[in-house]
Amino acid sequence: MTGKTIKIGIVGGTGYTGVELLRLLAQHPAAELRVITSRKEAGMAVAEMFPNLRGKVALKFSEPSAGALTACDVVFFATPNGVAMEQARPLCDGGARVIDISADFRIKDVALWEKWYGMKHACPELIAEAVYGLPEVHRDRIRNARLVANPGCYPTSVQLGFLPLIEAGIVDLDHLIADAKSGVSGAGRKAEVPTLLAEASDNFKAYGVAGHRHLPEITQGLAQAAGKPVKLVFVPHLAPMIRGIHATLYARLTAETDVQALYEARYAKEAFVDVMPAGSHPDTRSVRGANCCRIAVHRPQGGDIVVVLSVIDNLVKGAAGQAVQNMNIMFGLPDATGLEQVALLP
Amino acid sequence: MTGKTIKIGIVGGTGYTGVELLRLLAQHPAAELRVITSRKEAGMAVAEMFPNLRGKVALKFSEPSAGALTACDVVFFATPNGVAMEQARPLCDGGARVIDISADFRIKDVALWEKWYGMKHACPELIAEAVYGLPEVHRDRIRNARLVANPGCYPTSVQLGFLPLIEAGIVDLDHLIADAKSGVSGAGRKAEVPTLLAEASDNFKAYGVAGHRHLPEITQGLAQAAGKPVKLVFVPHLAPMIRGIHATLYARLTAETDVQALYEARYAKEAFVDVMPAGSHPDTRSVRGANCCRIAVHRPQGGDIVVVLSVIDNLVKGAAGQAVQNMNIMFGLPDATGLEQVALLP
Amino acid sequence: MTGKTIKIGIVGGTGYTGVELLRLLAQHPAAELRVITSRKEAGMAVAEMFPNLRGKVALKFSEPSAGALTACDVVFFATPNGVAMEQARPLCDGGARVIDISADFRIKDVALWEKWYGMKHACPELIAEAVYGLPEVHRDRIRNARLVANPGCYPTSVQLGFLPLIEAGIVDLDHLIADAKSGVSGAGRKAEVPTLLAEASDNFKAYGVAGHRHLPEITQGLAQAAGKPVKLVFVPHLAPMIRGIHATLYARLTAETDVQALYEARYAKEAFVDVMPAGSHPDTRSVRGANCCRIAVHRPQGGDIVVVLSVIDNLVKGAAGQAVQNMNIMFGLPDATGLEQVALLP
Amino acid sequence: MTGKTIKIGIVGGTGYTGVELLRLLAQHPAAELRVITSRKEAGMAVAEMFPNLRGKVALKFSEPSAGALTACDVVFFATPNGVAMEQARPLCDGGARVIDISADFRIKDVALWEKWYGMKHACPELIAEAVYGLPEVHRDRIRNARLVANPGCYPTSVQLGFLPLIEAGIVDLDHLIADAKSGVSGAGRKAEVPTLLAEASDNFKAYGVAGHRHLPEITQGLAQAAGKPVKLVFVPHLAPMIRGIHATLYARLTAETDVQALYEARYAKEAFVDVMPAGSHPDTRSVRGANCCRIAVHRPQGGDIVVVLSVIDNLVKGAAGQAVQNMNIMFGLPDATGLEQVALLP
């Protein structure tokens, strides 16, 4: 970049995705933070809300203003669902590129989106244009996208875990199972009883077994890779930890393959997918704070069921880190620019 | 019992199963704690090691002595694997009844046991006689058993979760999946790096995917219920919490059934299996400290895969509580005697 | 009690104090739960909100009704501050005895209460009559009280820790220091960002150093014991755990004494204060779920500063357990009736 | 540094200080990791033990070898106490500079060291030369030091918290109190029962109240600042978290001062001490993974006791980060080189 910087705007920076985005962008060599909006906290210094940013980010939250945002090269939406679809259009038309970390533009089928998200879509005409921001699948289209729909956390870990099997066409597509466990930050920085420490600590539970919003997003991606419909049972669980997703995936092999070699080949050129040696068990802390998906593949007792273990930090490769990776791709930088942080262990 | 008491000995009371057994027996109306042995801690007051027992248990650890133990009505082994098989014979012959909370007598196939446990079995002749202490299956035989092999923690939660489906003969027995998550106390009170708080907290990982000792114990029980062999993929995980197992079970239905009704009927008379209303998600804290297995059954998207959620406290229904339940049955008491504790929530 | 039962009403049972009270009363041999009110949850089964109570408590939340409550022998207020002062009068006049677990009647100086709690007191005329429910100090007056003001959690641990020194008149009363650490359940079951797991876990902080509502309550009790004013610096901290308070107390000795003997003598007859052997360090888990205050006394380097370590479970001896202890005293039962639970460790 | 690199050796990199040092040095622009020794793990890839370093650190553990280490510009000892004093001499004589993160060279009084550490000092002749590596006090001497004794974690937080008051000569030096709370990683990566998750989680306790090894180190530093002896009561506690120290300090003012201004002035030029605005409460997570000490100063109720809240990450500013800061100073780099990481929050 030799001095060239990317002017950055953030809409809605008061949640966990927002503070994580700020942590990463504050260390990014080409990023120039210009504006961060929050109607509720306008006027407050960002570092007052998030003291880890003291001395690192000098910005204050400002009232949303289309003008200031349009003047940016890229605008991140770190907002609740339903906000980006209201505001993306004028930004794109005004020349800013948009990376939406919320779910507004992820599902191509508008009716399906409206069913799962319980609202009318405000900007269906941009859905087709939006590029699903999973770099390991759509890197070429991300490069020139005006609007990137950054994947959800579960969808990132589950898709990266299943893709090699599905692209190879060697598993039963009618009985895929994803047993996923997430840290509590996945629920966002919202005042709610079930995610209080006194409720969620020293406890473990499944939730949303009847249906979770990330199910259609995952099946859309897997079906696209398969070239045909897939059936997935997706069971999310809440684990008593802050960060991390551990997806344990089960698929029935329909053809013999060296699955270890398959995975290594599929991700050989990917900076942020680490296929571990055979027999490994990735732990979520090995990616804590890092933009990385670590994967291990097993065939217990040599049977016909493949077990894939796929871990990410839900706030990094599952949200803000992947968003920065997409920004890098969009602006011609190497994927890894500003994303070389080593995971914090212990 | 009207005044009659059960004289109790405990071999090896310095682990988590031991202290939990003491907590339960200290509150049991018919239990009279006579002797607790520990070669290493002989002479130390039990309440000095476990201060929660101050004022509740006056015993000291004593040197192992066959005489003192044989004089008991029942002897619990809360020892590492390999100890009970050395000592059970003379106790049984001497008239004491034995409840082995370790794994020594759980597997009927000696060669299989020796393969998974990596040692020669010292008392194969008692294996056939030993009754597998899962009251919901073997209550009648437990009543008169001289030697009860108390089930493992994972095997308790997985078997209770799968049994109604398997007994009904309505699932594909070749592709059962048990994705199980355990709190760290399941690893015992052993000084080891991987279970340090700084290693295991704020972290999640699978382990033993290639093979875990509880696999043959579970398949033995399920095969017995099925009347034919079963194939199970069993993936245990370590969750960052003290107590609790959450087993998420997947089975493919081969016949239509009202699974909710099936489960409710199967456990209608069981004091310690709670089938929750349809749509529920049991959390492990709802059984923390209580001798209870809570189960919920789901069929996501109405598909052919049944998802069973089964939770226990690994130290209670998964170890010491179930042992006391077995003792109650062996001595003609109601299952629930001394086991009415309400789970600690939050 | 030989069959006689105490008819019990609870106002506001949807918080942590409420569920803990239900856990204890469900196991209490003389308690008969009659009514539990919650305007918001009226009609919902208590066990639906708190699944640990399934099969243990059959009550449903009901609309507040003075009639149903007045028919009870005792009514517990497990409500936010400001509720009991509105409702206690008619209950007392109607013959029910009242145990207020909130702060409404703890402070004798109405103006002081109004300053710290930021509201006008609705029932100042009952304040003088209300008995401060710390059994170790006021047992005789509790026996016949119509209205008991159950102490706060910090005040219980700090007062029990300081009292022997202050009653003996051997410490500098102008420079008392209480450095207290609390689990997150002390903040209640309220949807608030700072007590989310993702905020409070793996974190430690002080709060309210400028002034905490429990300060005047503590100084009132200590001043009464001293017979003169005291000055206390009270620094509360939030610890990343569910339950437990650890108060570390510092006082400067003004006269030589055997402090260990002093503490042992002071609490010799108290069922729920355990003075540990010299050199001990009580941990909060040793009282988890138990109605117990464990205390250890130190004089580091033989200097003139006494360090007292005092631990309780904030929900038990710091709230619901002490409330039941007060009920026992009020109804002529031994303090320990229904309160013999062994702490859950690990 | 324009291309110049510092050749680095690490002795004993299998503990938490070691992996943290590797995390920081892997991101340091001037650091060239040359050798890391571990007798026990020789031959194993560092990234196999610590998977967060996969793709970041290519080194393997090697057998200790004086030659390879002497060829380095600087050698870090991340060893248990008692190792560096055996090996530092030949390294220093051979031209390598040494930063000892263990306690071997921190205490100037050999007899005092030997009393607290329970062993004979193997290299007393280097103690006088060793520079105590607290940059905020000894920066000038660190610059040219051959041997730096990197401070302990508690001593860093407590000294930085007390120094302004003591240097100003405005507090009672006979009654200083430090109530300190540490995460479990402070105990090291050692297999021990008390730091197991099942023991230390959801629990809080004091330890070592009778005397902790960090006491003489702290009093040495404070006495030096005061120019006369000081008396400190130091009570360490174990908090159920991985990282972080929160020191709550109490001192009695003997003269009126604007303490906020005093602290701000004292640390105005320090990159890694952040004096927060009046009324603040720093939380440990605000420095998680960052080389920073955040401090807030209070005078509760305007009394004569000053309360200082001082937080660090025990593995960063309390160990590895401060060691890298010292390296930077020794090699003429700005303190902050390679240490700009933003704390991980949440």
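The first chain written gets the first letter, and so on, giving A, B, C and D; residue counts start at 1 in each chain.
Going forward, a contact is a pair of C-beta atoms (placed from the backbone, for glycine too) under 8 Å apart; a residue touches a chain by one contact, two chains touch by 3 or more.
Small disclaimer: the values here were computed from a predicted structure and weren't measured.
> Taking contacts as defined above, which has more of them, C-D or A-C?
C-D
> Farthest from chain A in C-alpha centre terms, which chain would that be?
It is C whose centre lies farthest from that of chain A.
> Could you tell me the distance, in whole angstrom, between the mean C-alpha positions of chain C and chain D?
Distance between chain centres: 39 Å.
> Between chain B and chain C, what is the gap in Å from one C-alpha centre to the other?
Going by mean C-alpha positions, chain B sits 36 Å from chain C.
> What whole-Å value do you get for the distance between chain A and chain C if each is reduced to the mean of its CA atoms?
Taking the average C-alpha coordinate of chain A and of chain C, the gap between them is 45 Å.
> Which parts of chain D, given as residue numbers and ranges, touch two or more other chains?
16, 183, 185, 189, 198-199, 201-202, 240-243, 282-283, 285, 288, 346
> Within the complex, which stretch of chain D touches chain C?
Going by the criterion above, the answer is residues 175, 177, 179, 181, 183, 198-199, 201-207, 209-211, 231, 233-235, 237, 239-244, 246, 248, 250, 252, 279, 281-285, 288, 298, 300-301, 303, 305, 307, 309, 311, 346.
> Show me the residue ranges of chain D that touch chain B in the complex, using the header's touch definition.
Listed in rising order, the residues are 16, 183-185, 187, 189-193, 195-202, 240-242.
> With touch defined as at the start, can you tell me which chain B residues reach chain C in the complex?
16, 19, 23, 26-27, 50-56, 185, 189, 201-202, 242-243, 274, 276, 282-283, 285-290, 294, 340-346
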